Each structure stands twice: as structure tokens, then as C-alpha cells.
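In what follows, a single structure is set out as C-alpha cells and then discussed.
As written, the chain order gives the labels A, B, C, D, E and F, with residue 1 at the start of each chain.
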Amino acid sequence: MSFLGLGRPQPSSAEKLAAAEAEIEMVSNMFNQLVDTCTKKCIPADYREADLNKGESVCLDRCVSKFFEVNVKVSEKMQGEAAQRQKSGGMFG
Amino acid sequence: MSFLGLGRPQPSSAEKLAAAEAEIEMVSNMFNQLVDTCTKKCIPADYREADLNKGESVCLDRCVSKFFEVNVKVSEKMQGEAAQRQKSGGMFG
Amino acid sequence: MSFLGLGRPQPSSAEKLAAAEAEIEMVSNMFNQLVDTCTKKCIPADYREADLNKGESVCLDRCVSKFFEVNVKVSEKMQGEAAQRQKSGGMFG
Amino acid sequence: MDSLTPAEQRELQGRMERKQMKDFMNMYSNLVQRCFNDCVNDFTSKSLLGKEEGCVMKCVDKFLKSSERLGERFQEQNAQMAQQGGMMR
Amino acid sequence: MDSLTPAEQRELQGRMERKQMKDFMNMYSNLVQRCFNDCVNDFTSKSLLGKEEGCVMKCVDKFLKSSERLGERFQEQNAQMAQQGGMMR
Amino acid sequence: MDSLTPAEQRELQGRMERKQMKDFMNMYSNLVQRCFNDCVNDFTSKSLLGKEEGCVMKCVDKFLKSSERLGERFQEQNAQMAQQGGMMR
């Protein structure tokens, strides 16, 4: 559950709550984006039938899998960037 | 004013306020989406003149009407789904 | 720093904070939109190389410049509209 | 909403004012983004071209008029729906 | 998260419920916007055409089924990632 | 802003830090969404293809460099505008 390193011990109660909330919000936002992205990629906009067909279902499953993989790659890369940026004091310190 | 069943009597003051706020926010979000959707559907992106012409005005009026109709249909449908989902404990309980 | 006339003296502490916060938020939202808009205008979606090339860099610089110019024009125009609307009591009073 | 106490109504009022301010800022920045997107496409110059500026001005005008018209229709439909006992009946 | 006191957990719970309500409303309005966008393109009439209504109903159905399936896969992947010690290791 | 008391400045500081965290998360998830959208289009496999991963990595790099450059220009323009007495004069 420790996404992007959030959730490490925090002194005050308000800060602990804010961190827990941020972590949950991050996961929830990620899900919302997943829904948005994968339905656009996998569900054609003509809606011929109410049910998911086989092709759409498989596409959705693979889309989730690839979406997680991209998240892992990007967050690993960002951690590297963040370490570099910490010295130069860029916008996303 | 009882959109999606929000606004029924709530015990605590904070909850009552939250419900009233949520109801207003829902209506306001719906308006923002209406503006976004209907201007995209009805106003061509070349902006030849500053005024709305007859065709654009009529299109906007009909777009509002259809947008409300879709909201009614979708919320009726969602209420049915919600009742079904309540047992199975899906994500949007 | 007085964007859209926010930041004029406010009586209560909560209001002063809200105004300062709103001002910072407005600038920050403007930056987020700038990033969104200018990367879409200037960075082709094929990502052949990791670096910005000369053409992309120059495009980004000019995009920022034009984006500010549009903001100045639009906010001047809106101030005029707001003055007119104040009497008629429109939705964005 | 009539079950709120006066204190609650004041609190709600305050929140709504902050929301209105936020809505206005959102509307403003959507307007800028849309008109910029639709009107500014030449990045061989650093300053707005005359035709780009004209397009932006007409875009803003048109958007404000659309929003106003949509607001009127929205309120009519909302009032009509309230009379029929809400969307959910 | 296990370092939260019971009082903090209750407060977090309350915030999460408000967030869930907000998420539901966002999901609902995205759904309306998407299905409206994809299905309603005829503005020569004031009322929904039969085929537009059919399209909207199928769109809603399909979207709910997609979301449900995506939710299941998401939770599986999340659980798997938690076992591997988080995204960051 | 110079009319805020020290206590108000501390409160504002705290809110800004929470906002920065939120902004960072939004930036991160927009980045993921954009690079996923532009680079991942093959759903005949469950794992990222080599060329998809390469595309995502370059996309992230390019986006971070763009954001940095845009940030510099934004601050320059903002400073220049502040000298001229704000956008509204």
C-alpha cells in the first residue's frame, strides 16, 4: 500500500490523517483514470450491445495489466528524477 | 430539488450541511458539464461572428432539453442497478 | 500579483486566507493549464527522442508568451462584461 | 433544505460563496483554454497575430452568450423538474 | 495506516465516506457526459430519438459492466503489488 | 498578501504544502495517463512491448523537460507582469 513512498510515520495527528487520506485518494484517482483510459481504449463508441463481448473483456484485462506496469515504470523513473532535482531545486521538488 | 435521493433528513448538523452542499454541488457540476457538452456540440470552433446565430441558439436549447432527458433516463437506470448491486456489494454501492 | 482583482483587503482572517489561497490557486491552475495546452500544441505524440529539440523548445517559449497574452485579453474583456452584468444579475455575477 | 437552522444556513451560504468564486475561476480558465486551443495555432511568432486575437475575442463573446442562454434553459428545466417532484419521483 | 488511533480512524472513515459520495457523483456525471456525447448528435428535435435512447441505455450498461470488471482487476493487481512490497520497493 | 499575520502565514503555508502534494499527484497521474494513451495501443499482449516501454520512458522524459522549461518561462512572464502592476492594471 505504500504508493510513491507516502504513508511513512508522521508526527502530528492532522499530518498522519492527511497522509493516509492522500494515499487513499491517490489509489482512487488512479482507478478513476484507469476506468477513463481503458474504456476509451477498449470499448467502441457505437454501443451495439449492452453486454461486454469477449474481445472487449480481454482488452480491459490487458489494459489494467499494462496500466499498472506503466505506473511502476513511471514512478521508478520519477523517483530517480526527484533525487536529481532535489539539488537543483526544480518545480517538482 | 431531491436529485438522486440526496437531501433526506440527516441526524447531525455536519451531515445535514454536507448533504445540502452535495446537492448544490451536483446541480452545479451538472450545469458545468452541460455548458461543456452543449457548446462543443452546437458552437463550431471557427468563431466567425461574436453573436449566436439562429441555428446555434436553437441547437443549444434542444441540447439542454436532451441533456436533461438523458439525466433522467440514466438516473432511473442507476437506481435500478444500485438496488441490484446492494446485495452483491459492488464498487458503487 | 493581483490577478482578476483578488487580494484586496478583506475583514476577517478566514476571508483573508481564502482570498490569498484563491489567488495562489488561480496562478497554479493557470500553470497547469499552460502545461496541458502547450505540450499538446508543441510536442508531437510519437516521442522519437527523450530530449526537447530546438523546434519544440522554441514552440514552448512562444506558446507561453501567447498564453499570457490571451489571458490578459480575456481578463480585460471579462472585467468589461462583469461590469455590464452586475446590473442584469446574470449567472456569473 | 428548509430543515437547516439559521446558523447552518449561514455556514452553507459561506461555503456556497467560496464555491461560486471557485466556479467562476474554473469557468474563466476553461474559457481561456478553449479559446486558446481553437484560435492560436501559429508558433512562428511570439505575439498574437491580429486574426488570432480577433478569433479569441469572438470566442469569448460567443462562449459568454452560450453560457448565459444555457443558464436560462437550465433553470427553466430545473424548475419544471422540481414541480414534477424531483428527478427521482 | 495501522499507526492511526481509533479516533483518527473514525475521522478518516468519515472523510472517506464523503469522498465515496463525491466519487459516485463524479462517476455518474462522467457517465452521463460520455453517453450523451457518444449517442446524442441530432439537434433537429427537442426530445431524444428512439435510437438515441437505446444507445444511451446500452452505453450505461456497458460502462457499468466495464467499471465493475476494471474494479475487480484493479483490486487483484493492487493486492499483488502490496505483497511485493509496494510500487516503490 | 503582506497583510497576513504570522499565524495566518503559517496556516497558508500549511495549506500550500498540502496543495503542492496534491498538484504533484495530479501532475504524476496526468503524466501516466498521457504517456499511456500515446504509447500503449496494443492489447493483444498482457505485458508492455519493448517499443511501448521505450515510448513511455521518452514521453516521461520529454514531459518533465517541457514542464521545467514551461515553469521557467511562466515565472519570467509572471514576474514581468507583476512589475507592470498585475494583469488588471
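Some notes on this structure:
Please note the rule applied: a contact is a pair of C-beta atoms (placed from the backbone, for glycine too) under 8 Å apart; a residue touches a chain by one contact, two chains touch by 3 or more.
Small disclaimer: the values here were computed from a predicted structure and weren't measured.
Touching chain A and chain E at once is no chain at all.
Interface comparison, B-E versus C-F: the pair with the greater number of contacting C-beta pairs is C-F. Centroid to centroid, with C-alpha atoms defining each point, chain C and chain E lie 30 Å apart. Chain C and chain D have CA centres that are 16 Å apart.
Centre-to-centre, using mean CA coordinates, chain D is 25 Å away from chain F. Each of residues 4, 25, 36, 42, 61, 65, 71, 75 in chain A touches at least two other chains. Among all residues of chain E, those that touch two or more other chains are 26-27, 39, 57, 61, 67, 71.
With the ring opened at chain B and read toward chain D, the chains come in the order B, D, C, F, A, E. On the side of chain D, the complex with chain B involves touching residues 1, 3-5, 8, 11-12, 15-16, 19, 23, 26-27, 30, 34, 38-39, 55, 57-59, 61-63, 65-67, 69-71, 73-74, 77-78, 81-82, 85-88.
Across the interface of their complex, chain B is touched by residues 18, 21-22, 24-29, 31-33, 35-37, 39-41, 43-48, 52-53, 56-57, 60-61, 64, 67-68, 71 of chain E. Residues 4, 18, 22, 25-26, 29-30, 33, 36-37, 40-42, 58-59, 61-63, 65-67, 69-71, 73-75, 77-78, 81, 90-92 of chain A are the ones that touch chain F when the two sit in their complex.
Listed in rising order, the residues of chain C touching chain F in the complex are 1-5, 7, 9, 13, 16-17, 20-21, 23-25, 27-28, 31-32, 34-36, 38-39, 42-43, 45-52, 56-57, 60-61, 64-65, 68, 71-72, 75-76, 79.
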